[in-house]
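Common to both upcoming complexes is subunit A, partnered first by subunit B, then by subunit C.
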Partner chain A sequence: MKRFLLVALVVFLTITALSVEIVFWYPLSGSKGQVFKELVARFEKVYPDVKVKLVYTGKYSDTAQKVVSALATKSLPNGGIIPAGPIFTGAYGNYKILEYIESDSEFNMSDFYEVGWDYAKYKGKICAIPYNISTPVLIYNKELMAEAGLDPSKPPETWAELLEYAKKITKDLNDDGEPDVWGLNIKDTPWIFKAMLFQNDCGIIDSNTLTPLFDGPKGVEAATFWKKLVDEKAMPVGMHNLADKQFMSGTLGFYMGSSSRIGKWSGKLPFEVGVAFLPKMVKRAIPIGGAVLVLFPHSKAEDDAVWKLIKWLVSPENLGEFCIMTGYIPIRKSVLEVPKVRKFMEENPNYRVAFEQMKYGRAYWHFEQMGTMDALLYEYLDKIERGVLTPEEAMKEAAEKLRKEIES
Partner chain B sequence: MEARKSVKKSWYVHLLLFTGTVLMIFPFIWMFLSAFKTDLDVFSYPPKWLPSTWTLENFPRVLEMVPFVRYYLNSIVVTSSITFGQVFLSILAAYALARLHFPGKTAVTILLLSTMIMPFQVTLVPMFMIVYKFGWIDTYQGLIVPFLFSGFSIFFLRQFFVTIPKDLEDAAKIDGCGYFGILFNVIMPNSKAPIGTISLFVFLTHWRSYLWPLVVTNSPEMRTLPVGLKYFVEEGGTQYNLMMAASLMAIIPVLIVYIVAERHLVKSTTLTGLKF
Partner chain C sequence: MKKREHRETVVAYVCLAPALILAVVFMIVPMIMVFYISFSNWDFVNPVKNFVGLKNYVYIFSDEKFLKSIRNTLYFAGVKIPLDLVISLFVAVLLDKKIRMKKFYRVSYFAPVVTPMVAVALIWIWLFDPTFGPFNQILSFVGLKPLKWLYDPNWAMPSVILFSLWKGLGYDIIIFLAGLQSIPTHLIEAAYIDGANSRQAFFKVTLPLLSPIVYFVVLMGIINSFKVFTQISVMTPRGGPLYSTGVMVFYIYQQAFENYRMGRASAASLVLFCMVIALTQIQKRLGRKSVEYS
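== the complex of A and B ==
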């Protein structure tokens, strides 16, 4: 008996001595947070030598605030899911995760979509791993399409078609001169406008020199089309914040916004909801958004443990499960081959669209002023819609302001 | 005749008040009803007033998702410590600024006022750095100490203290009171209403404070209610029934404090003419 106790004690002590504790931050709340916590709990069972202390960090902007404070005092966690991660890693010379990616022969980089890596770069070098990613999609009300004499099984393929269809759906029910049913509304205007730019073969920013590119002829062309959407009454002026409400109340034909709405609306609204790829201009392109997995270096043992966790989280099976449960879009091609995911896509054809659209994903490397850029685009698209500035003036002014911000 | 007229008049007033009350109380009723709805009910469109089946399930689910009781205790400890400490220190400072003469008094007053102009986001990072230097990250000290001082509270009380007749103070002096004697025996008993008001104000502010507790704490053992409530807000799909169940549990103590202090709140706003 004594001997048994002794052995047990030795085993216990060895495990404690060899085990590592890491602190990991995550900005996922509610049911998404629960899914993530459960995945990590399972990781701890598989690797009993790693103890993960999970810290919930609020929504994306709060998380960024927390990271900024931690950077200022050098009290960073070991890793985490961090929005705009490259700005907090690569920008501070932390490319540690790339060393792990390159030295780990089990890690198959090419299985990730190229766009995912672009989204995880700072100055052209990888400093994070994409994780919870969403893409914009076109969500539409099949009933309104049918009422307008359109075929609900054939959503618009191009922006020109979308304009034509949306115009047919826009209706003034009480003859007050102001439409009550709208053809199209766009929730996140900078995001969708960036999609338009990519699709029109227009760069957004030169990654090496950080020069804005959207004020060139192709950018102006996209902005002019935006104005046309409003002028021809396909889309209301400056009512983008109401897009969700309009769609849910059945007074909006086409909604453009995050793929996270698919799970929220499919089968839960009193009309049939369809989901399609974003329409194309000269080609297909989808800007991606979300947060990335990062590693903040501490000791070798701790860094190894973080890498173990990250690698486990992005394994096709675990990532597939995470995406099924949360509605995020898989950033690895092989996830689509996981039996569970295949079954899920068969049962939820609307998700299939979002998952498969990923192959057209586009992203630019992270840079410090990307938040400013989005704010500027938002402001100047609004000015275009209201006719305060012509599309050309607006693009020139927005690009000029961004240029100044980058130079200062 | 006269009496009837006033009844008639008060009927209108009451109708107005009643409408106002309904408008104000509506969100609370909605919260209360939603807390008992099922997942399906809460998202049904058009929205349903009453749950089709009343469920108590949301409450244990909330408790499962966040350590609610612990957050609750933390909120109580932190908020009451801040309220007590801040109000006490503010009384001392306000008295000095209202009644005592010392060099640099105006400069100090202006400095105090200037702290009220700065938005919290600006001071967040420097404050975090100070708290970090003290080793107070993830502790009660880190949550409490930075808020023991408040320019607003001091200024608010000072404005009231200057209106107390000087004669009362002189009388106390003749009876042998020192500074503290005057403060405790003359100033404070005459300032119950503003002290009550500012206590309520401080309590409410810190009961719902979110960003600082989120930034300065890491372990669930140290977090407060607002951080817990935020956990139910999700990008693209907040679970409103859970959120409402959690909110319902969270507001009960605030309601109690408000009902107790409400009398003072109304009184002192009229007395000082200050609004907040």
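== the complex of A and C ==
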């Protein structure tokens, strides 16, 4: 008996000594968080030697703030799903994850969309792995389209068509001079404006020199079109925060925003919802957004464990399941071949649109003033809409301010 | 004898220690740090804090957004404090009278104070909704043109002020009520016997005796109005239409956690600190002349 106990103790001690505990942060709440937790629980079953301590860190902005303070106090987790991850890794010379990517022969880099890697770079070097990525899509109310005499099976292909259709949908029901039904509203204005820039063949920022590129004639052209959308009453002035509410209440024809809305709305609203690619200007282009998987180096054993987890999370089957359950966009081509995913796309044609749109994805490398750039675009689009500045003045001023921020 | 005194001092310090240590670590040290960081270019990304002199101060004072945030803060405080004072005093006087369901009214005025700010702010966003919101329905019922409330650069700040008034009123009412109940009734009765009418009794007797309370309410009003943030950030993200609700604390938050410019954020915090100190000092001077203690 004594001997048995001793053996048991030794076995127990070796297991504890060999198993590694890693701390992993994630910013997904509600059902999305649940899906992620279940995935990780399954990982722990497959790899009993790794214990993952998951910590929910709030929404994206809160998570970024927590990483910032963890950097300052040197209390970083082992890894996590981190928004703007490359700014917290590459900018500090942490390209550890790239070493793993390159040394692990099982890891197939070329299966990922090139745009995903662009999104995971800092100064041209990969320092994260794209994970929960969304793209903006055009979501529309088929009923309102039909009421306006449009064919609900033919959503607008170009911005010019979108403007024309939206104008037909905008209606003032109670004659108070203020439309009650709007043709178009855009939830995240900087994001969609960046789509417009890419589509107009206009760069946003030169990745190498960090020079803003949107104040050229092509950028001004896009901004002028933006102004036209409000001038011709296709889109309300400055009420972008209401876009979700308007769409859900059936008083908005076209909604532009994150693909994460597809799952929330498809089949759950009292009217039929359609999803389409973003309309194009001179070409198709979709700026991707979201958060990335990062690794903060600790000990070799812990880093190995984090890499194991990351590799497991982005394997086609697991990533496919994550995307089906959450509505994020697969960043690996082979995910679309997973039988489960194929079946899902057949059953949910609305998702198919978002998944397939990924091939038009565009991204720029992360840089520290990214958030400042978005804030500036938001501010100056607001000024354009309210007629405080002309589109040309606004683009010039925004680019000038961004240039100064990057230099100082 | 001396030894005992000495021991008492030691005991006192030991008892104070937990509070003192917390105050030093979490208040005094950060305050000194803010001063130091405001002269550096610390940006989180670079752990090195380089001394840059007055650069941050030059930047914020030439930033139109910062100047606008000062104006917005003064607007908020300037409109909110007087309104709050008048309304809460008026309601407190009414609640001090012998009326029916007094407790019910007291509870309903105080309820907003104890409900979480974010929760009620979200509800008020709905009340302010330009299309379906009850406020616009009331306006159109009365025959007025509907407003865009939080989405109109001219109305966004008044909307936030309206909400903040509702949210904070109950606290000041309770303070005034306590003040009113501490006034000895014989003073007011004496005034009546001397032939004063109720208005004279209020303005000549009650109000002067309430002056320490008024002083306190205004002081707290100034401090709270200058550090307003939560409702601004929840109800008008990104500082509202054309930055019309971007107050100073919001500007500080943006510089620190959106742009990662800790230097600028610290400089702006110090400016805010100096403004509050200056205002409370002015108030103290004015108060010395007009506050009466019975």
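Just so it is clear, the second predicted complex is superposed on the first by the 397 of 408 C-alpha atoms of A that agree within 3 Å, B and C clash if a C-alpha of one lies under 4 Å from a C-alpha of the other, contacts with A are read in each partner's own complex, and residues count from 1 in each chain.
Following the convention adopted for this analysis, contacts are C-beta pairs under 8 Å (C-beta built on N, C-alpha and C of every residue); 3 or more make two chains touch, one makes a residue touch a chain.
This one's a predicted model, so the numbers in the text were calculated from it and none came from an experiment.
In the superposition on chain A, A:242 makes contact with subunit C only, not with subunit B.
Shared-chain residue A:59: touches subunit B; no touch with subunit C. In the superposed pair of complexes, A:378 makes contact with subunit C only, with no contact to subunit B. By the touch criterion defined above, A:260 lies against subunit B but remains apart from subunit C after alignment on the C-alpha atoms of chain A.
Look at A:87: by the touch rule set out above, it reaches subunit C but stays clear of subunit B. Contacts of A:72 after superposition on the shared chain: both subunit B and subunit C are touched. After overlaying the two complexes on the shared chain, residue contacts for A:32 are found with subunit B alone; subunit C is out of touch.
Of the two partner chains placed by the overlay, neither subunit B nor subunit C lies in contact with A:392. Note: residues 65, 68, 72, 249 of subunit A belong to the subunit B contact set and to the subunit C contact set alike, using the contact criterion stated above.
Residues of subunit B that touch subunit A in their complex: 43, 45, 65, 121, 124-125, 128-129, 132-133, 137, 210-211, 214-215, 218-219, 227, 230-239, 242. The touching residues of subunit A, counted against subunit C in their complex, run 61, 64-65, 68, 71-72, 87, 91-92, 174, 176, 178, 180, 238-239, 241-242, 245-246, 249, 251, 368-369, 371-372, 375, 378-379, 382-383, 386, 388, 405. Listed in rising order, the residues of subunit A touching subunit B in the complex are 23, 29-34, 53, 55-59, 62, 65-66, 68-69, 72-73, 75, 77, 248-249, 258, 260-261, 263-264, 268-270, 327.
Within the complex formed with subunit A, the residues of subunit C that make contact are 43-45, 47, 129-132, 140, 145-146, 148, 151, 153, 237-238, 241-243, 254, 257-260.
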